[in-house]
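Here come two complexes built around subunit A, the first alongside subunit B, the second alongside subunit C.
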Partner chain A sequence: MKVDRRSFLGLGLGAVAGFSVSPVLLKLTDDSSIWTQNWPWTPVPVDGEVSYENSVCSLCPGSCGISVRKIDDRPVKIEGLDEYPINNGGACLHGISGLQYLYDPARVKSPLKKNGDKFEEISWDDAISVIAGKLNDIRTAGSPEKFVCIADKDRGSVPELFKRFLKTFGSSNFYTMPGFESYLKLTAEAMHGKGMTIGFDLENSDFVLSFGAGIIEGWGSPVSCFKANASRKEREAKLYQIEPRLSNTAAGADKWLPIKPGTEADLALGICSFILKHNLYAATAAVRFKGGLNKFAAQLQNDYSLSKTSEITGIKESEIEEIATLFAKAKMPIAVFGKGKGDASQSLKEFIAVQTLNCLMDNINKKGGVFIQPVKTYLEFPEETLDDVAKEGNEKPRLGQYVHDLFEKINTSSQPVVDTLFVYQSNPCYALHDTKTIKQAVGKIPFVVSFSSFLDETAKEADIILPVHTFIERLEDVPSGAGLSKTVVGLSKPVVKPVFNTKLPGDILLLLAKALDGTVAENFAWESYDECLETVAKNIWDSLFQDGYAILEEGVPEESVEVNVAFLTGNPSSIQATGDGELMLIPIDNMRLPSAAPAASPFSIKTVSDEVLKGRDTVVEINPKTAKGLKNYDYVALTTPVGTAKVMIHLNEGIMPGVVGMVKGLGHSFDNKYVSNKGVNINELIGPVIEPGSGLDAAFGVKAKISKA
Partner chain B sequence: MSKKENKNESGSAESAGECTAGDTKDDKGLGLGVIFFILAFVICFLSGTLLFPKLLYSKKEQPFNFNHELHVGETGDCESCHAIREDGSFNGIPKLAKCQECHTETPLGETEDEAVFTEMYVAKEKEVPWYVYSRQPDCVFFSHAAHTKTEGMDCVTCHGPIGTSTNLKPYEENRITGYSREIWGQNIWGIKKHSWDRMKMDDCAECHKKETGHQGYCFQCHK
Partner chain C sequence: MNKIENKAHKFGMVIDLDKCTGCGSCMVSCMSENNVPFKEDESNKKDSITWMRVYKLTNGKSFPDTEIVYLPRPCQHCGGKGDHGHSPCVSVCPATATDYGYDTGIVSQIYTRCFGCRYCMGACPYHARYFNWWDPKWPEGMEKYLSPDVSPRMRGVVEKCSFCFHRYQAAKDKAYYDGRDDIEEDEYQTACTTACPSGAIVFGDLNNPAHRVHEIVKPDPHPWPNNPNVVGKSRNPNVFRLLERLGTNPKVYYLSEREWVRKAGDNYLDGEWDKIKNHHGSESHG
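Moving on to the complex of A and B:
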């Protein structure tokens, strides 16, 4: 018997047949099909109990109610909260992607101390001890006024605690970043009296005349504005949009009127002039104007005839006439101000001029009009106890009126004017004009402490970073503002345990206060921020805690207000853009990109179109008539008196000839691979222009040149 | 006839002669081939049937034993621990917090398993990493509420008489898919005696066909 080829064939066939009739093939086919449908490396969401927790979003001044869906203890989705008085179930893209901030690559995971060019982790005790030591030294030296704080806003218990901290320390140098809320108060104070603020009843108005307000670009309380805009058609309300560029708001408006950049105030006054000349104003309006209307009317007739207004603004006389007539004849017209999101550099003259239009139509404190009322306070802090150092410090003058004045003073003084700077939840090294000089000023301050969740441009310049909880991890009161017609205080609740070694800003201040000499500590006698909030917000606490919000003001206010146009009769000069370029560079506010802290989330920056950000390059808009042979996506060097940037070109007939539009919110330079090193920060190209009379940085743009790169 | 043709004819004759002579040899070779065939067939068939399941599944021990019978006796039913939540989803194996409604850091019993549970998990507030016998792939949607609440099915129909068991059986994990052997069933042929012996899609379809007259559509379970 010989084992030959056929024997092996038999062996092989036998093996195949044996396996074929065994369950192996059937089972392996089934298993491999399951395996290929469930690749082991594909992340699978962990299953668990679904629950919802309500809170408030504080990523922007919108203050929307949110509902956070959780699987067990892990938040997985943010949605708008139904029946919340501001957003009623709506949410914007930043709100719904807010959970990404929890795990942001730029998050500060524990207190950091700068050692040379690098940050080192330190304990909370060490961080508090180092800062308290520095602050005690300032008080010992008798110059507490050299302790300065910059915060993102001035309302709410946390900003109040910062103010209290400064006051009891002995400094009046508390500053806020430019914001729409502060501009509204400034305008209301200038026209209607101290302590007043302005709200717009957009959802009930039948004719909205918008002077560049990006109603669907993030102006005011964004989601509330989206809803008011969305209901415009069914309410048969009109929107006329006046701005140099066909924004999304302009594209959806009934009419877009392109205007020369920076001449919005002139147009508003031109319309006022026409209304006064033709007696189109409300009969009841005249009595409101302090000193009557005659003198003001005469001044306007002289300065803002139709032809002059047309010449200044570039809008045809017939169109000015048409707007003025439609506005005056509407049942409930409303004129809104605040270019873009209303939060960056703005002109008080423009605000007052536009508000004067409202006053002429006497839509003040009427449904569908402008609500003017005192700022509602709801926090009751105990009276401060000041020691001698604090008293003396508080009597010394502030270093400047606004935050840009502060930085200018630091840069121009030969002696150090600031010893210690606290920066809370704001990013001046990115968000203020001429960032290079801001960074230079911050660099001159001996000791900078950043209260930030992220290692952003300003935090990078700090000596110590105290990481604070993100909005989803913190307990805090969130008062609404931003031009809403109602005042709501929401309660931001911790819907997740802190992901990193962070603290509540209020708790950090309590720890710091307890480590300071003098009477500072006794002004912060609360055990924790939780206790402090419950105590100081006791008047609304039950409602705040049970319902998640408390309505301080709703409905048409009953206040009777006076109108003071002294600012305008003082004949303030108009703002002129700096530089000698033949083009005008203007910033564009884009709903998808936050222009202030925090920076965009990975999700939101991915939603930006190629006509705004292509690859890593900012795309600027110019009219084909201005292009002079340039094609779409050609590289150009954009030069202003402040800086130069390499950008791409997008030809857009929706921008006025001679104007270059560049988006805000790009060009971050901190360690976040999703957001940073994409595009150019426009604030590196525009310098501040101070408005006479108000002292505001009112730069609406800058003269620029482009040349093929 | 050419030389070539002659050669061919001659060659054919030789070949035929060899073939005749070789028939005897071939028969023997074929016989050996058949023996090898049968041998290989039997070995491979038996390997595929008996050895293959042992290679395919890896046995894993649960963190500690759990006595279902005891707990059902104490609580009265399955739903006390395995409940349908308010939103209609099923809680599956209860979390530690549920166990802590009865179990504290002081052991309730004297078994070694109770000691492990209290020391390793209750005292440390750590979830028990149970292996789940009935876990289905993530691409499968199954509503316990629709089956047990709406249609009134018993837990036993799919899960078997686990409520009367005193010990947890070893968890056998499929090395390819990562899922439990209970899904395919203990029988490697996929043959079942009871409704709870398998939890494959065919088993769902079979029951649906029987109960509703239709085996169902893809999207009902694969969302």
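Moving on to the complex of A and C:
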């Protein structure tokens, strides 16, 4: 048959028509969708019985109650616990991501011992006997004070056990990483007496004057602060935010007052001066001030006139007048301190200056004011028995006042001052300023033991890593602090069996104590940490066990409080940033990035904006006026006296000209590809600046230069 | 056992942008609830799967008059023109992989039906839909935290927010088991709503005047006189929807006292905003 044009077209059309009405097309579509989706490696989560278990989150000092949804034995979701006295249902993104820490790729799966550059798995028995051997040697050599411990906090039964371990061993060298709670105690001690601490009744205040406190950036107890902030509108309460950058807190505030970085203390004193000069302070305040107000007032009039304050801080005189008047006229004003999350480096002068504002308005121990009261204790440990070695060791002076002094001392002395270092749940090699010198100091210590769940920057420097349970595998008491108006102790409960060969930190200490010579073991006579906790927390155990928490303190304290401003009358100078660059580099606290330990989770990193992290690069913020032709995402070299980093630029109208803002919490360097090797750790660019009078590292930033890379 | 009446719900939410702090709890709660995976690099936001995404808006003014606000964006669960269920994505899906639930107002996504043509992504004016360019991979052991309520998706399909539909199913099952006709307001709440530490998200039935979301939004029962395709416009002067004049009729409403924020919800010609900013629903119910 001859195929002419007509039959060709006819056949073609016929074929198309036939194909269209036949089910082939549908079948092929169906087949292809089935085929493209048949991937056996896509997991099918196993179903099972649903249950909920309550516990407490201890990822940050917030101490929120959590509810863990489980399918049979598997926890699948963490949510905020309704009715819990701190967070009442809400949760932050890190708590919700908690299960990612459980299965984190950087988890330490069993005890590790360093051999050359590599870690080798060892058994718990071997690890304990190696460490006990080293510790026994130190005691035999008669220098128990060379045994040092750094922990994340100093409250709760586990830090108490570490302290007890050190004391019965013969060392007073227990240090904590800088944290908001320790600053609160330090401020209270300097102004109101030993053993006192400070809490803020934010949810009942009608005017909050914040000196850079990131109330919705993770400051204090984050979820509780979010709630207090959210109810502001209904309560008709105002928030005035003073800081160099339009943070989320500043954006949500009723007014944002950009201030020259590092001059917050001067502004607070300027406002004090204005209030005193115009007799705006509470009539009842004067009697509280030790030595009266006259001398202090005269000093302030001299040092902090309106024009002088304005010149130092860059805030207009009229605005200083306005905030001072609003603050003084408010029914229940609170001034809050602690830049950013309130942790890391802070200045005692600033804290005291701001707290003096509270004292002048006499909002002390009143509803909606500032609560000053003794730190509540709830643990009762039996009296320690010390042998001669321990007694002698405890009498020797501490190596330094704060953790940065310790590292300074190690680096500067020719003799080895530390023989063995325990690092518990903290990451000084990442979180302290000038990380290079910290690592150098840790390298000089002959024997370092890390108690960590993750192989983080500090654990990598250790000789032995003892893996501890993550917070959802743990039994532990979790006392709240962080500037809350109440004190709640929560009970963290193991909601899942340990995933790896890890232990409770308390149990590790019991094992170690039993392997030591002298009277150390006698002081750790409990069978297990469970037994220890139940015994030492017996006063609140019933409530802890049944309700999951115990409230130690609630409501307005009755204490009558004295105010001592001797620190300020000593006229300490304000902190100056080091370096000679024309720009000021300041850290940015971002709610979505933890600034210290533990590092971010994959989920939290995922939420971070591409104006903060782009690929593997940190994006820094500068005002377009400072940019000098630089465009968004241009690479620049950022140089400070401490280091140089290649970063990207983001032009932000919400930051003061002349200031470079860089986020904290990036630049980790451990084995978790979702979180690590992303961006720059700002602590590599800022060095410590020691505050005269307090000895604190109070560096608020550093002078920097940028040049196009 | 009572039979559950087939009363039509219209689930929706209103998000108070003056309360939202941009903290990211909603995003993570959503990811954790719905087995959303993560990759090594999530900084390319175009391929970063976030059913709930928090955008940052600025008022465009220079220092120090700059303001910022955060805008959480789940799937808007559009009712389509005239609220008849012809959502932009539903009308283009050749596989009926996404459908409109007339009993709930929820736009569904059935992964096993989807063959990845991505028409719906092109049709969605809100960038609420995401394509799986890669198979999801969890680090060793981490797949143990996956929830059986939501199936993990595979390479080649589109996914999006479902208003946590599995939570609705669970609540309905419980009501059925208890012999109740219907579920209570607090029995069905999305994961983002319960997680928000600021209480910025209010979720409920827009058809139920007793629900908080209805009280805040006060949806207009009549079409908007300016554009009859727009139904359910809020009679609260501070409430708006994204690109409302398209007539997509989203069930996600936003609340702000700040005018520039409300204006940012749509694109306006010069002078246009001033003409329409005070139109809040039909006059008879104003």
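Criterion: the second predicted complex is superposed on the first by the 668 of 709 C-alpha atoms of A that agree within 3 Å, B and C clash if a C-alpha of one lies under 4 Å from a C-alpha of the other, contacts with A are read in each partner's own complex, and residues count from 1 in each chain.
By definition in this document, a residue touches a chain if its C-beta (ideal position, glycine included) is under 8 Å from a C-beta of that chain, and two chains touch if they have at least 3 such contacts.
These figures come from a predicted structure and were not determined experimentally.
Novice: Quick check for you: in the superposed arrangement, does A:G292 touch first (subunit B), second (subunit C), both or neither?
Specialist: Once the two structures are laid over each other on A, A:G292 reaches no partner at all.
Novice: Tell me the contact category for A:D31 with respect to subunit B and subunit C: first, second, both or neither.
Specialist: first
Novice: Check the residue A:I655 against both partner chains and state whether it touches subunit B (first), subunit C (second), both, or neither.
Specialist: Once the two structures are laid over each other on A, A:I655 reaches subunit C alone.
Novice: Once the shared chain is lined up, is A:F19 touching subunit B (first), subunit C (second), both, or neither of them?
Specialist: In the superposition, A:F19 contacts subunit B only.
Novice: Per the overlay, which chain contacts more subunit A residues, subunit B or subunit C?
Specialist: C
Novice: Look at A:G555 in the shared chain and tell me whether it touches subunit B only, subunit C only, both, or neither; answer first, second, both or neither.
Specialist: So A:G555 meets neither subunit B nor subunit C here.
Novice: For A:G195, decide between first (touching subunit B), second (touching subunit C), both and neither.
Specialist: A:G195: touches no partner chain.
Novice: So, A:P382: does it touch subunit B (first), subunit C (second), both, or neither?
Specialist: neither
Novice: With the two complexes superposed on chain A, say which partner A:V44 touches: subunit B (first), subunit C (second), both, or neither.
Specialist: both
Novice: Check the residue A:F8 against both partner chains and state whether it touches subunit B (first), subunit C (second), both, or neither.
Specialist: In the superposed model, A:F8 contacts subunit B only, not subunit C.
Novice: Would you please give the residues of subunit A that touch subunit B in one complex and also touch subunit C in the other complex?
Specialist: On subunit A, the residues that contact subunit B in one structure and subunit C in the other are 32, 37, 44-45, 47.
Novice: Report the residues of subunit A in contact with subunit C in the complex, numbered from low to high.
Specialist: On the subunit A side, the touching residues are 29, 32-33, 36-37, 39, 41-48, 69, 71, 74-80, 87, 89-93, 96-97, 99-100, 102-105, 216, 222-223, 226-227, 229-230, 233, 246, 248, 251-252, 256, 258, 499, 591-592, 602-611, 613-616, 623-625, 653-657, 673-674.
Novice: Contact residues on subunit B for subunit A in the complex?
Specialist: For subunit B paired with subunit A, touching residues are 25, 28-49, 52, 56, 85, 87, 89, 91-92, 95, 137-139, 174, 176-179, 184, 188-190.
Novice: Can you tell me which positions in subunit A touch subunit B when the two form their complex?
Specialist: Residue list for subunit A touching subunit B: 1-4, 6-19, 21-24, 26-28, 30-32, 34-35, 37-38, 40, 44-45, 47, 49-50, 72.
Novice: Give the list of subunit C residues in touch with subunit A in this complex.
Specialist: Interface residues on the subunit C side: 18-19, 21-25, 27-29, 31-33, 35, 38-45, 48, 50, 54, 56, 58, 61-64, 66-70, 95, 111-116, 135-136, 138-148, 151-157, 191, 194-200.
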